[in-house]
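What follows is a pair of complexes built around chain A, which joins chain B in one and chain C in the other.
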Partner chain A sequence: MSYQSQRVALYYFAGALTLFLVQVAVGVLGGTVYVMPNLLSDLLPFNIIRMIHTNALIVWLLMGFMGATYYLLPEETETELHSPKLAIAQFWIFFIAALVTVLGYVLRIHEGREFLEQPLLIKVGIVIVALMFLYNCTMTLLKGRKTAVANVLMLGLWFVAIFFLFAFYNPGNLSLDKMYWWWVVHLWVEGVWELIMAAILAYLMIKLTGVDREVVEKWLYVIVGLSLFTGILGTGHHYYWIGTPGYWRWIGSVFSTLEVIPFFAMVIFTFYMIWKGGRKHPNKAALLWSLGTAVIAFLGAGVWGFLHTLAPVNYYTHGTQVTAAHGHLAFYGAYVMLNIAMMTYALPNLLRRDVYNQALNMWGFWITTAGMCFMTFTLTFAGVVQTHLQRVMGMNYMEVQDQISLFFWYRLGSGVAVLIGVILIVYSLAVPGSRLAKIANGETQPAE
Partner chain B sequence: MTAPAEETAAEDTAAENTADWGTLSDLPGNPLMWILILSELAVFGAFLIGFTGARIVDPGGFANSQALLSRVDGGINTLVLVTSGWLAALAGRAIHDRKPNACRGWLLGAMALGAVFLAVKAVEYSGKAALGIGLETNTFFTLYYLITGFHALHVVLGMVILAIGVWRPRPDTVETGTAFWHMVDLIWVLVYPVIYLVR
Partner chain C sequence: MSERLTKSAARNIFYGGTLFFLAIFIALVAQSHAYILSTSSNNDRLTDAVVRGKHIWEKNSCINCHTIMGEGAYFAPEVGNVWVRYGGKTDPEGAREGLKGWFAAQPTGIEGRRQMPQFNLTEQEANDLIDFLKWTSEVNTQNWPPTPAG
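Now for the complex of A and B:
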């Protein structure tokens, strides 16, 4: 850490990790309801549990991105943040609003539009938080050095805020409603979030591998170009069955298939940079997470996305457990792992400690990743059986749920494993412990 | 942690000129253009594979619809675009011979033929519209409009990129624009037989 104002990232990382625990714990609860359907049905019905699980995820990922931005921006721009105080105020507004929203959900106060359930007032609050954030970061960028990493990151963050504005547009016509809803949901996770992902990954590669910035930036441009080229029209793969014209089936199928390419490029990028760098950075856990995020994002978002993206396939699989499988591994691989990679890299620097608890962190990596992969396989099998029984054989929905209940038990088991892994990760990041892993300086050449 | 200043100094020297794009470095024009060209080939390739697949499913319907297309219009446009590509190539040669004005002339010629291509396309589309054929008529025409429509948009974009070469006639801008233009050309040469000719 070279700049004082980078320390504001600590707030965001702490808030993000807190919500991460909430999100995964509530996820396990949701998985339990799948196998014991009447559990908490009056007190906390499944739709509310799911709402908390998904909203907490999105909010903590965004909080993590903000923390990552506040951490890396001073180093990239070579200047202190415009206003650390504003950043801290922004954190508290965001964090408290998130808690109030969750409390509201428990009391059944929500707008009921999937993922955008936040009441109007909270949505306005989100915009204010976003404006405070963008103002602070843009002012920092304007006065400092402009690197490709910082520019791409800020471009992504601006578009995250701009596309969120479509959350305010809620037409009465259900087809139009869905059409614009995807402008938030799809253009976030399969569009501009990928810009943020690529920029943060590029930053980590520069810091961890010691490869020239020039080389990393070229990859960044290529990845970002490919993400936008495929991702924007790839929105079409959500327009198959919502009342939009039939040509979307072709546009969606072709462009969303190609969405695999930027994720594959990120795999090649990370492995190639680490191979080319050949430098031993002491923070092995951060390297592991960086490689992990590229690989699992490729599998979860790329491969599992392709699995059901072609319109003739999606005709059968739409809205089955195949979608759930894809959603879980894609979010985990692309955005959860990326955030943990950044925190694993940044927290030892922020806390002014040597890289600590590497073994525990890496155990967390393997347990969580294995749990998520197992969950994905389980849900995929469940989805294939479900598709066949329900969509091909024409069996009744609830009968099919009985047929695949075994898979839901497996899913619960993998969810528990994930929770254990996440507790390990959060512990290893937040609680340094008494035994600090000392790095022998003679043997290693830290890039940063 | 070493001092960030060292890292920055090292970065700055490295950033001077180590433009190594691997294989792409050997190609004319901006390497990022070649990433775009490869991506475009992938998109149109996927569409043409989709077209072929849909045709295998419904050979009769596709043959009937294809009979409504004007092979002559398509043929004229092939000649127009290939000629335009030749003019663009001459522009590339002119700029390497340090003749910026000649280069401008060839580029304007290429752009003019691009406009002719679009005009013929407009005649073709209006003919289809007169028959009441639209994007939603059947799978054949959905794909016909999507593929040729996307291609026509690339002709428009290509003309804009060539215009940059007219505005700033330098080897890199001209080569980059011409590379894109040849891609537009190449795609048409693939689209025309698959959609209009193959029976």
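Now for the complex of A and C:
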């Protein structure tokens, strides 16, 4: 850590990890309701559980991205943040709003479009938080060195905010509603979030492998180019069955198939950089997470996405457990693992401690990743059986769910494994060496 | 990577290509917008009741259990064609009464069965919601879902 203002990232990482625990714990609760459907059915029905599970995920990922940005921006721009105080104020507004929102959900205060359930006032608050964040970061970028990493990252973050504005547009016509709803959802996770992911990954590669910045940044532009050239028109794979014209079946099939390419490029990129760099960085856990995010994103977003993206296949699999399988591994691989990679790299520097609690962190990596993969396999099997019985044979939905109930038990088991892994990860990031860190913090000399 | 591709060339391709694909996307979405209003969604039958019904659907967060046109949670049946499943095409009155009866009977409390909450809909709210589900079932969805099971 070379700049004092980087320390504001600590707030964001702590907030993100707190919500990560909430998200996964509530996920396990949801998985339990699948196998014991009478559990809590009056007190906390499944729709509320799921709302908390998905919203907590999105918010903690965004909070992690913001922390990552506040951490890396001073190093990239070679200048202190424009206003660390504003960054801390922004954190507390964001974090408290998130907690209030979750509490509101429990009390049935919410709107009703998937992932955009936040009440209007909270949505306005999100925009204000985003503006505080973008103002602070853009001012920092303007006065400092403009690297490709910083430029691509800021471009991604700006468009996250711009596309969020479509959350305010809710036409009465359901088909129109859905078409623009995807401008938030798809253009985030299969569009501009990939810019953020690639930029953070490029930063980690520069720091961890020592490969020349010119080489890394050229790769970065190629990867984000491939992401948007395929991902923008790839939105078409959500426009097959919602009342939009038939030509989307062609456009969506072709371009969303090509969406696999940028994810594959990220795998090649990380492995090639580490091989080419040949530097033995002491933070092996950060390297593991960086490789892991590229590989699992390729599997979860790339391979599992392709599995059901062709229109003739999607006609049968759309909205079954196949979709759930893809959603879980894609989010975990691309964005959860990326955030943990960044935190694993940055937290020892921020807390000025040696990276000695590696074993625990890496156990967390393997347990969580194995759990998520197993969950994806069980949901995929469930989805394939469901597709056949319901979409080919025409069997009634609830009867089909009974047929696949065994898979939901397996899914619950893998969910418990994930929860254990996540507790290990959070513990390994937050706790060991904190006494040591307090002593080290008394010293003036910065530890890099 | 080839030495011939410089960083600034890669950057220019990224920005230029992105603008190109974004322009195509926006044009196609504008065309789709017009298509939805004029052709696929019976916009002339989008009454106030249907819009009110959509807001009841949203207010109770039905989408976090059910799917509609295949989107939502996967915990409860598809409702984009529930009107058809209840026989609304041939017997609209029967389907309406059937759906109302279903709403009123929740939660069933049957052990081992997924539970739908009781949302205490008024007579008008139930009618609005059913109008919305009926309207939704009439959107041209390229013949999706493949079976009435949804």
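In this text, the second predicted complex is superposed on the first by the 432 of 448 C-alpha atoms of A that agree within 3 Å, B and C clash if a C-alpha of one lies under 4 Å from a C-alpha of the other, contacts with A are read in each partner's own complex, and residues count from 1 in each chain.
Quick note on the criterion: contacts are C-beta pairs under 8 Å (C-beta built on N, C-alpha and C of every residue); 3 or more make two chains touch, one makes a residue touch a chain.
Since the model is a prediction, treat every value here as computed from it, not as a measurement.
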First (chain B), second (chain C), both or neither touched by A:Glu75: first
Which superposed partner A:Pro245 touches (first chain B, second chain C, both, neither): both
Which superposed partner A:Asp212 touches (first chain B, second chain C, both, neither): first
First, second, both or neither for A:Phe229, with chain B first and chain C second: both
First, second, both or neither for A:Ser175, with chain B first and chain C second: second
Contacts of A:Tyr221 with chain B and chain C, given as first, second, both or neither: both
Partner chain(s) touched by A:Val254 [first = chain B, second = chain C, both, neither]: first
Partner chain(s) touched by A:Ser2 [first = chain B, second = chain C, both, neither]: first
Chain A residues touched - chain C or chain B, whichever exceeds: C
Contact residues of chain A, present in both the chain B and the chain C interface: 214-215, 218, 221-222, 225, 229, 245-247, 251
Of all residues in chain A, those that touch chain B in their complex: 1-2, 75, 78, 212-215, 218, 221-222, 225-226, 229-230, 245-247, 250-251, 253-255, 257-258, 261, 349, 446-448
In the complex with chain A, residue positions of chain B that touch it: 1-4, 7-8, 10-11, 14-15, 18-21, 31-32, 35-36, 39, 42-43, 46-47, 50, 135-136, 142-143, 145-146
Complex contacts: residues of chain C adjacent to chain A: 1, 5-7, 10-11, 13-14, 17-18, 21-22, 24-25, 28-29, 31-33, 35-37, 40-41, 43, 46, 50-51, 54-55, 57-65, 67-78, 107, 109, 111-115, 117, 132, 135-136, 139-142, 144-150
Chain A - residues contacting chain C, complex: 34, 37-38, 41-42, 45-48, 50-51, 110-114, 117, 148, 172-179, 214-215, 217-219, 221-222, 224-225, 228-229, 232-233, 235, 239-249, 251, 315-316, 318-321, 323-324, 390-398, 400-401
